Amino acid sequence: MEALKIVDPSLLGLTSEQYSSLGPYLWVVGGSLLAMIFAVVPFIPARISVVCIAIASLIGAVVSAAHQITADRTDLFAGMMVSDGYSAFFNILFLATAALSILASVRYLEKQKLEYPEYYVLMLFSTFGMMLMASTLDLISIFIALEIMSLSAYVLVGFRRNDRRSNEAAMKYFILGAAASAILLYGTALLYGSTGSFLITDILARVTTKPELMTPAYHLGGWLVIVGFLFKVAAVPFHMWMPDVYEGAPTPITGFMTTGIKAASFAAFVRVFISLGYGKDIEAAIGGRLHDVLWVIALITMFFGNVIALTQTNLKRMLAYSSIANTGYLLVGMIAAPHSEAGYAPILMYLATYTVMNLGAFSILSVLSGKGDTNLNLHDLSGLARRHPWLSFAFAVFLFSMAGIPPTAGFASKYYLFYSAIQAGEIWLVVLAVLCSVIGVYYYLRVIVYMYMRENEGLEKFAVPALAAFSIAMMVAMTLQIGILPSKMIAVTKKVVAKL
Amino acid sequence: MEWLNTHLLTALTFLPLAWAVAGMAIPGRFSKHWTLAGSLLLFAVSLKLYYGFDPHGAEFQFAESVEWIPGLGVNYLIGMDGISLWLILLTTFLMPIVVLSSYNGVEDREKEYYTLLMALQTGMIGAFVSLDSFLFYVFWEAMLIPMYFLIGIWGGKDRIYATMKFFIFTMVGSLLMLVAIFFLAYQHKMQFGSFSTALVELYKVRLDGSGFLSTQSLLFLAFALAFAIKVPLFPLHTWLPDAHVQAPTAGSVILAGVLLKMGGYGFIRFAFPLFPQAVVLYQPTFLVLGSVAIVYGAWVAMVQPDMKKLVAYSSVSHMGYVIIGLFSLNAIGSTGAVYQMLNHGISTPALFLMVGMLYERRHTKEIKEYGGITKVMPLFAVAFMIATLSSVALPGTNGFIGEFLILLGAWKANPGLTVLAATGVIFGAVYMLWMIQRVMFGPLTNEANKKLKDLSLREIVVLAPLMVAIFWMGVAPNFFFRKMETSITRLVDRTAKAGAVAVALKGER
Amino acid sequence: MLKWIPLLPLIGFTINGFWYALIQCRPGAKKAGATIPGLIATLAIFGAFLISVKTFLELKGMPAEGRFVEQHLFNWIHVGDLDLKMALRVDSLSTLFTLVITGVGTLIHLYSIGYMSHDATPGKFFAYLNLFCFAMLMLVMGSSLPILFLGWEGVGLCSYLLIGYWYEDLEKAKAGKKAFIANRVGDLGFLLGMFMIYTHFGTLEFTKITELLARGDFIAAISPAAITATCLLLFVGCTGKSAQIPLYVWLPDAMAGPTPVSALIHAATMVTSGIYLVSRLNGLFSLSHTAMMTMAVIGGLTAFFAATIAIAQNDIKKVLAYSTVSQLGYMFLACGVGAYTAGVFHVITHAFFKALMFLGAGSVIHGMHEEQDILKMGGLRLKMPVTFVTFLVGWVAICGLPPFSGFFSKDEILWNAFASPHGSKLLWVVGAVTAAMTAFYMTRMFYLTFMGKPRFDESKMGGAHDSHAAHGHDDHAGHGHADHGHAPQGVHESPATMTIPLVVLAILSIVGGFIGIPHMSWLEEWLEPVIPAHDPATFTAGHTTEYLLMGVSTLIAILSIAYAWKTYTNLKEASARKARHAKLHETLEHKWYVDEAYESAVIQPIYEMSVKLWKNVDVAVIDRVVLGFGRVSEWTGQAARTAQTGSIQVYAVMILIGLALSLGYLVRGF
Amino acid sequence: MNTENLVAPWVVQSFCAMIFFIGLSGVLVRRNILVILMCVELMLNAVNLSFVAYAHQLQDMGGQMAVFFIIVVAAAESAVGLGLLIAMFRTLKTVDTDEIRLLKE
C-alpha cells in the first residue's frame, strides 16, 4: 500500500467565523457538562440549579443560532459539517422544543416523584444530537449524531425505572432503534463502497459525473439509508414501535420525541434525500420507481395513521397515531418538493407548526396526567371546559390546528404543503390526503366534544403550574399568529431552503 | 369616522368579534344586553352599506385589498356587489332578532353563548364579502367552529351526533373545494406567471371545458359539491334535519336563515363565473336534482312527527327552488333564486322562532302533543299563519315573488321539469296546512296546553320585524331588485356567453 | 278613484283585524258584540259598492270601444324583460262583477251582523269577510294575469280561513284544509297556463294579450297544440276554483263554514271567478275548439252529476252546495259552447237567487237553533213567513219558471248549447235533464222545509246553548259564552237585519232576468267590446226552434215540480220509494263515494310513499351510506389496531416485510 | 505486494451481507433479549468488515476510520442496552420478549 495520505493540518485550526458558527453547539455541550457537575454539588438543591443551567444554555444557544440564519454558509471540519440557514433554522427549532419540554416537565417530574437531575442532562445531550443531525453532511457523522440523540432518548423513555410499561417501552425502542441504525449503517457502507466517499455532496457529484457508479449495491445502499430514516420518522410499515413507546414514555418525553426527534430525522432525511439525486435527471434508473414506492408509503401512512387513531381512547396513543398521520403529510411534501417551485420550504414550515402544536398538546397532557400517566383517557376529559376554561380553550386551539381548520397554524402549513404538492402534479395524492385528514378532523373534534359537550364527571379540579401555563400560552399565541399571518414564516423557510 | 368610511366592510366583518371579545369583561348576566346592543349597532352600520352602494357603479364596491400571504399570491381582498349586499343585510337583520329570542331560552354559560353568536356573525359576513377564494375558504371554515359549539353545547339530546355529522359533512365538501382552489391558483401561475387566488384574476384563467370530465368540469364539481352540501341539495341533505332538531332555537334560526344561503351564494360568486361551460354542461343534472329536492323535501316533511324536522325538510324543499332558479341561467330565474334565498331567510327563521317559543313553553316539539293552540294563544296563531303563508308562497307574501320568478325562469330553461317542480306548490301547502291543523286547530284536548300563555311583549318584538318583512318583500319587491339587478345581469351574461361556446362545442362534436 | 273599491274593504280588514288582534286577543278581554265590527265591515263594502256604481255609470257614458277606466298604482315586479305593474282596470265585464260582488257582499255583510250576533270573535269574522272582498275585487279588477292570480289565491286563503272559522271542530278545520289544497291543485294549472302565455305572448297584460290575439299573423305563428294546452291548463285552474268535476269535492265540505260565508263565497262570488277568467280570455279560448269542447263536456257532466247527488242530500246546506256545483257546470257548459255572455248572465242571476236561498237557509237554521236536517223540519211557512216568501221566490227562480231570472239565463244557456256552432244536441239533452232534476230536488227541499206538518218538538228547542253533536252542524260552540241569552223559546223569525237582505235579493231574483231577454238583451250589447257577440248566421237553428225550446224547458220544470210536490206530500210513500231503490239512494247519499275514492287513490298512496321515502331513502339509504364511511374507517382501524400485538418480533418482521417489498419493487418493479 | 492471491472483493462483501442478515434474523427469531443484543452487535460488526473490505478495495483510509467510530458507538449502545435490560429485569423478572406485551393495540 502506498504511504498513507497525511491529513492537512490547516483543517484542524478554526477560523474566527467558523468558531462563531459553532456557537450554538458549544453552548449546549457546555450547558450539559456544567449541569452534570452541578447535579452532584452537595449544598445547592440539584433540581433548581440544573434546570436554570439548562434553560440558560438553551437561551444562549438560541441567541447565537439566530445570527446564523442570516449569515451565509460556512463549511466546518473539511466539509463534514456545515452551518447554513437550514441548520440554523432547525437548531432554533430543536432548542425551542427542548426549552418548552423542560418547562413542561419541571412540575411534572415533581408530581411523578421522578426528580432526578440526569433528566435535563439527557435532554440536552439529545438536543445536541439533533442539532448535529441537522448540520452534518457526512454519512458516518449522521450515524453518530443519530446515536447520540437516540441513546439519550432510550434512557429518557425508560426514565420511570420501576414502572413496567416504561421499561418495556424503552426496551422495545432500544432493540428496534438499534436494528434500524444497523440497517442505516449498512446502507452507508454500501454507498461508501460504490462511490468511495462519505460526504453526501461528494456522492452526488461523483454519481452525476460517472453514472456507471450506480451499481445495484449503490441502489441497495441508498434504499437501506432511506429505510433507516423512514423507521426513525415512523412511516407506516416501520411505525409499529412508535405507539407503544409513546404510551410507555413519560408524557413530556413523548412530547419531546414526537416533535424534536421526528424533526431531526426529517432534517437529516432531506439532506440525504437530495444527495441521492431524487428528482434530478440521474434518478431515471431508480427514480421512477422510487417515486411510486414513496407515493404508496405516504398514502398508507396517512390512511392508517388516521384510521387507527380513530379507534384510540388513550390520548397519548391517539396523538402518537396522529403524529404518524402527520409523517404521511410530510412524505407527501417530500415527494412533491423537487418538482414544486417552493421546494422543501413547506416541509420546514409544516415541521415548525407541527412542533408547536404537538408540544402544546403534550404540555397540556403532562399537566393533566395523574400519577404514572393515568387518567389520560378520553372520558377523563369530559366536562373539562367547565373546570378549566382556559386550559380547554388552549387544547381546543391545538386540536383545531391539528385538524387543519382555518385561522390556525396547522391550516396554514397544511395549505402551503398541499399547494406545493399540487404544483408538483400530485393532484390525486392531495385529494386522498385531504380525505384522510377528514378522518383526522373526526377524532380531533371528538376530544373537543368530550371537553365541551359532555357532562362534568371527569377528573376533579387541580392547580395548573405557572411554568407550564406560560409555555402553553406562548404556544397558543404562536399557533394563532402563524395561522393568521403566515407570510413571515413562509418567507423565512423559503430563504433558508434556497441555499440548501 | 374617516377610517370607517373607507374600511366599512372590514369594520362590518370584525366589529362583532371585537364586540364579543370586549364583552368578555362584562359579567354573564349583562352579556345578552351587550350583545343585543352590538348587533343593533352592526345593523345600523350595515344600513350605511345599503345607502352607499350604487347599483350602476363598479362591479365590486367598498373594495379593500391588503397583501396577506405574498408568497402564495393570497391577499386580503374584500368587496361586495348587489347580491352580497342583501345577504349581509339579512345577516345583520336576523342577528338582533336571534339574540333577543334567546333571552330566556339560554341559562347556562351565557357569556360563551353570546360570544360564539358574534363570532359566527363575523364568519358569515366575512364569507359574504371576501373576493379572494382562499379568504373565502378561511371564513367558510371559520364559520363552522362557532356553529359546531352552538349545536354541540346548547343543543338537544343527541346533539353530539348531529353537530359532528354537520361538521364532517361540510368539511368533506369544502376540503375538495380547497384542492380546486389550489389547482386554480396553479393554473393562474402557468398562464399568467404569478400565483393568485383573487377572484377577479381567476376569472381570466382559461380552462378546457369541453367534456363532462374535462378539467373545468371536475373543478366545477369540486366547488359544486361543497356548495350543494351547504344548500343542501337532495342527496346530500341528511345533515340538515339532525342539525336543526338538535340545535338551540337561535342556532337553527341562524343555520336556516344564513348558513344555507352560503351554498347558494357560493354558486353565484364562485361556481358560475369561474366555470361557465361546466355550468351549462351540468345544467340539466342540477335542474333534475333541484326539482327532486323540492318534491322529496315536501313529501318527507309531510310525515315528520317533530315540528322542527318538518320545517327543516321544508328548507330542503325551498332551497331546491333556489337551485332550479340559479340553474335556469336567465335573469328572471336567477333574480328569483336570490330573492327566494332572502325569503327563506325570513320565513323559516320565523317558523323556527315560533317552534322555539312553543318549546320554551311545553318542552316538546312533537306535533301530537299539541292541538287547538289558537284558543289559548290567538296572537301566536296569527303570527304562525302569516309565516306559513309566506312559506307556502301565497301571493302578497315574499314567498310568491320568489317562487313565481323561479318557476317562470325555469320554465324557459326546461318546461317539463318545471311542472314537477311546480307540484311543490301543492305539496308545500299540504304539509304546512296539515301541521297547522294538527297543532293550531281542533279541540283543546291536552291538559298541559290549556295553561299556555300567549306571546309576551318580547316575543312580539322578535316576530314583528319578520312579519313586516314578509309583506313588505311581497308587495314591493322592486325595492330589493333595484340594487341587485346589475349584479345578476353580469352573472347571467358571463354564463350565457360561455353557454354559447359550449353549445357550439357540443354542436360540432 | 278606482283604487278605493278594493282599498275600502282592505281598510275595513285592517281596522277589524288590528282591533281583534290587539284588543280582543289580550287575555281577559271582555267579549265584544257583533254590531261594531259588523258595521265597520258593512260600511266599507257599501262604500265600495257606491264607487262601483259610480264607475258603472261613468262607463255607461263612454263610447263602446273606449269603455274602460284604468288606474296605475305602482310597478310591482321589474326583472329582466318581465315588467309587472300593479294596476287596476275596469271595463264592461269587470264592472258587472264588481257590482255583483259589492252589492251582494253588502247585503251579506248586513245579514251576518244578525247571524253572528252570538259568536265569540265577530271581529275576526268580519275582518276575514272584508279581506275576502278585497281579494275578490283585486281578482276582477286586476289589469294583468299575476294580479288576477294574486286575487285568485287571496280568495282561496279567505275561504280557507272562513271555512275553518270554527276551528275547534276538527271536521271544520279539515274541510278548510281540503278547500285550500284543492284550490292549490287548480292554481298549479293556472300558474303553468300563465307561464305558457308569457313564453308565447311575451306579456301577461290583458290589453296586450287581446291586441296580439287580434293579430292573425301572430296567432298563426303559435302552434295550435300550445294554445290548446294553455287553455286546458287555465281551465284546470277554473275547475279548482269553480268546483268542476275533478276538483269539486271541496265545495260541499265548505258548508262547514258559517252560512253567510257559504252564501258570499261559495255561491255568489269566488266560485264564479273561473267564469270571469274564461270570459276575460274568451279570445284565447275560442281559438282552440278542443279546449272549448272539453269545457262544455266537463260543465255538462258536472251539472248532471251534482244534480244526482243533490237529490239524496238531507242537509239543507249540502243540497244548496251541490246545486251550486250543478249551476256552475251550466255556466261552463255555456262558455264551452261559446256563449260567454250567457255564462256571465247566469253568474249574475245565480248570484242573486243562490245567495237568497243560502241566506234563507241560514235564517232557517238560525231560527231552528242549528237544525240543518230538512227531514226534521217542515211547516215553517207559518213560523217564518218572510223567509218562506223569499225562499219561494228563490226556489221558483232556480227552477227556471218564466218571469223569474233563472228562466232567462238557464234558457239562454240551453238554447246556445243546442244551436251554437260549438254546441251539440246531446249537450242540450244533458242540460234539459239536469234542469228537470234541479227542479225536482229544489222542490223536495222547499217542500220538506216549509210545507207539510212540523216534524220537530218545539219545547226542546231554543234551550241554553243546545250544541247538538249532529254531523256537519255549525254548532254555536262559542268559547264558553254563557247561555243562549233567553229562556227556551220556539222557532222564531229572524231579526230585521237578516230579513231585509232576503227581501232585496228576492226582488233582484225576480227583476234580474230582464237584463238578458233573448234577442234584445242589454247585457250582450253591453259586453260587446269584451266578448264579441255571435253572429246568428252561424247558428244551426232559427228563432222558431228557440221559442219552441223555451216552451219545452218551462214544461219540463213544471212537470218535475208537480211530480216532486206529489211524492213528498205523504212522506210514507216517498220513503217507500226510497226503500225500493235503496242501494242507488245510498250511493247518491255518499256522493258516489268520490271522497273515499280520492282518499284511497291519491292521498293514501302519497302518504305511504312519503313515509317510505323518509324511512327508506332518507334514513336507510343516504344516512347509512354517510355513516357507512365512518363505520368502514372504524372497522379498518380496529383491524389494523389488532395487528399491533406488542411483541418486538412482530414489529421487526413488519420492518423486514416493508423492506423486502419496497426493495423488490425498486429493483424489478413488479 | 502481489495481489493475485487475495480474496475477490465481492466474496468479502457477500460474506458481510450474510453475517448481517444472520444478525438481523437473530433479532427476529430469538426470544431472549440478551441474544438479541448480541445479534445487533453482530450486525454492526458485519458492517465493520464490509467497511474495511471497501477501504482496502478503494485504497482509501476513510473506511478504516469509520470502523473506529462504529466500534465506539456499538460499545455505548450495548452499555445503554444492558442498562435498560437490567432495569427491565428488576421489574419484569424476565428477559423473554414474549413477556413484555403490556403495551399493545
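Should a chain be cited, it is by its letter among A, B, C and D, assigned in written order, with residues numbered from 1 in that chain.
Keep in mind that, in the parts below, a residue touches a chain if its C-beta (ideal position, glycine included) is under 8 Å from a C-beta of that chain, and two chains touch if they have at least 3 such contacts.
Keep in mind that what you see is a predicted model, and the values were worked out from it rather than measured.
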Inset, instruction - Decide which interface, C-D or A-D, involves more C-beta pairs in contact, and give its chain pair. - result: A-D
Legend entry - Chain ID, smallest distance between chain and overall C-alpha centroids: B
Inset, instruction - Just give me the whole-number Å value for how far the CA centre of chain A lies from that of chain D. - result: 26
Inset, instruction - Report, in whole Å, the distance between the mean C-alpha point of chain C and the mean C-alpha point of chain D. - result: 99
Inset, instruction - Could you put a whole-Å number on the gap between the CA centroids of chain B and chain D? - result: 67
Legend entry - Averaged-CA centre spacing for the pair chain C and chain B, given as whole angstrom: 38
Legend entry - Numbers and ranges of chain D residues touching at least 2 other chains: 24, 27, 36, 100, 102-104
Legend entry - Multi-chain contact sites of chain C, meaning residues that touch two or more partners: 630, 641, 644, 646, 648, 652
Legend entry - Multi-chain contact sites of chain B, meaning residues that touch two or more partners: 168
Inset, instruction - Give every touching pair of chains, nothing left out. - result: A-B, A-C, A-D, B-C, C-D
Legend entry - chain B - residues contacting chain C, complex: 165, 168-169, 235, 237-238, 296, 299-300, 302-304, 330-332, 335-336, 372, 374-375, 378-379, 382, 389, 394-396, 400-401, 404-405, 407-408, 411-412, 415, 418-419, 422-423, 425-426, 429-430, 433-434, 437, 440-444, 453-454, 475-478, 481, 485, 489
Inset, instruction - Show which residues of chain A lie in contact with chain C when the two form their complex. - result: 171-172, 175-176, 179-180, 183, 216, 219-220, 223-224, 227, 230-231, 236-238, 240-241, 243-244, 286, 289-290, 292-293, 297, 304, 306-312, 439, 442
Inset, instruction - Using the touch rule from the top, collect the residues of chain A that touch chain B in their complex. - result: 342, 400, 405-407, 411-412, 415-416, 418-419, 422-423, 427, 430-431, 434-435, 437-438, 441-442, 445-446, 449, 452-454, 485-487, 490-491, 494
Legend entry - Parts of chain B lying in touch with chain A, wherever the complex brings them together: 67-72, 134, 137-139, 141-142, 144-145, 148-149, 152-153, 159-160, 163-164, 167-168, 171-172, 175-176, 178-179, 182-183, 185-186, 189
Inset, instruction - State the interface residues of chain C toward chain D in the complex, per the touch definition above. - result: 641-642, 644-649, 652-653, 656
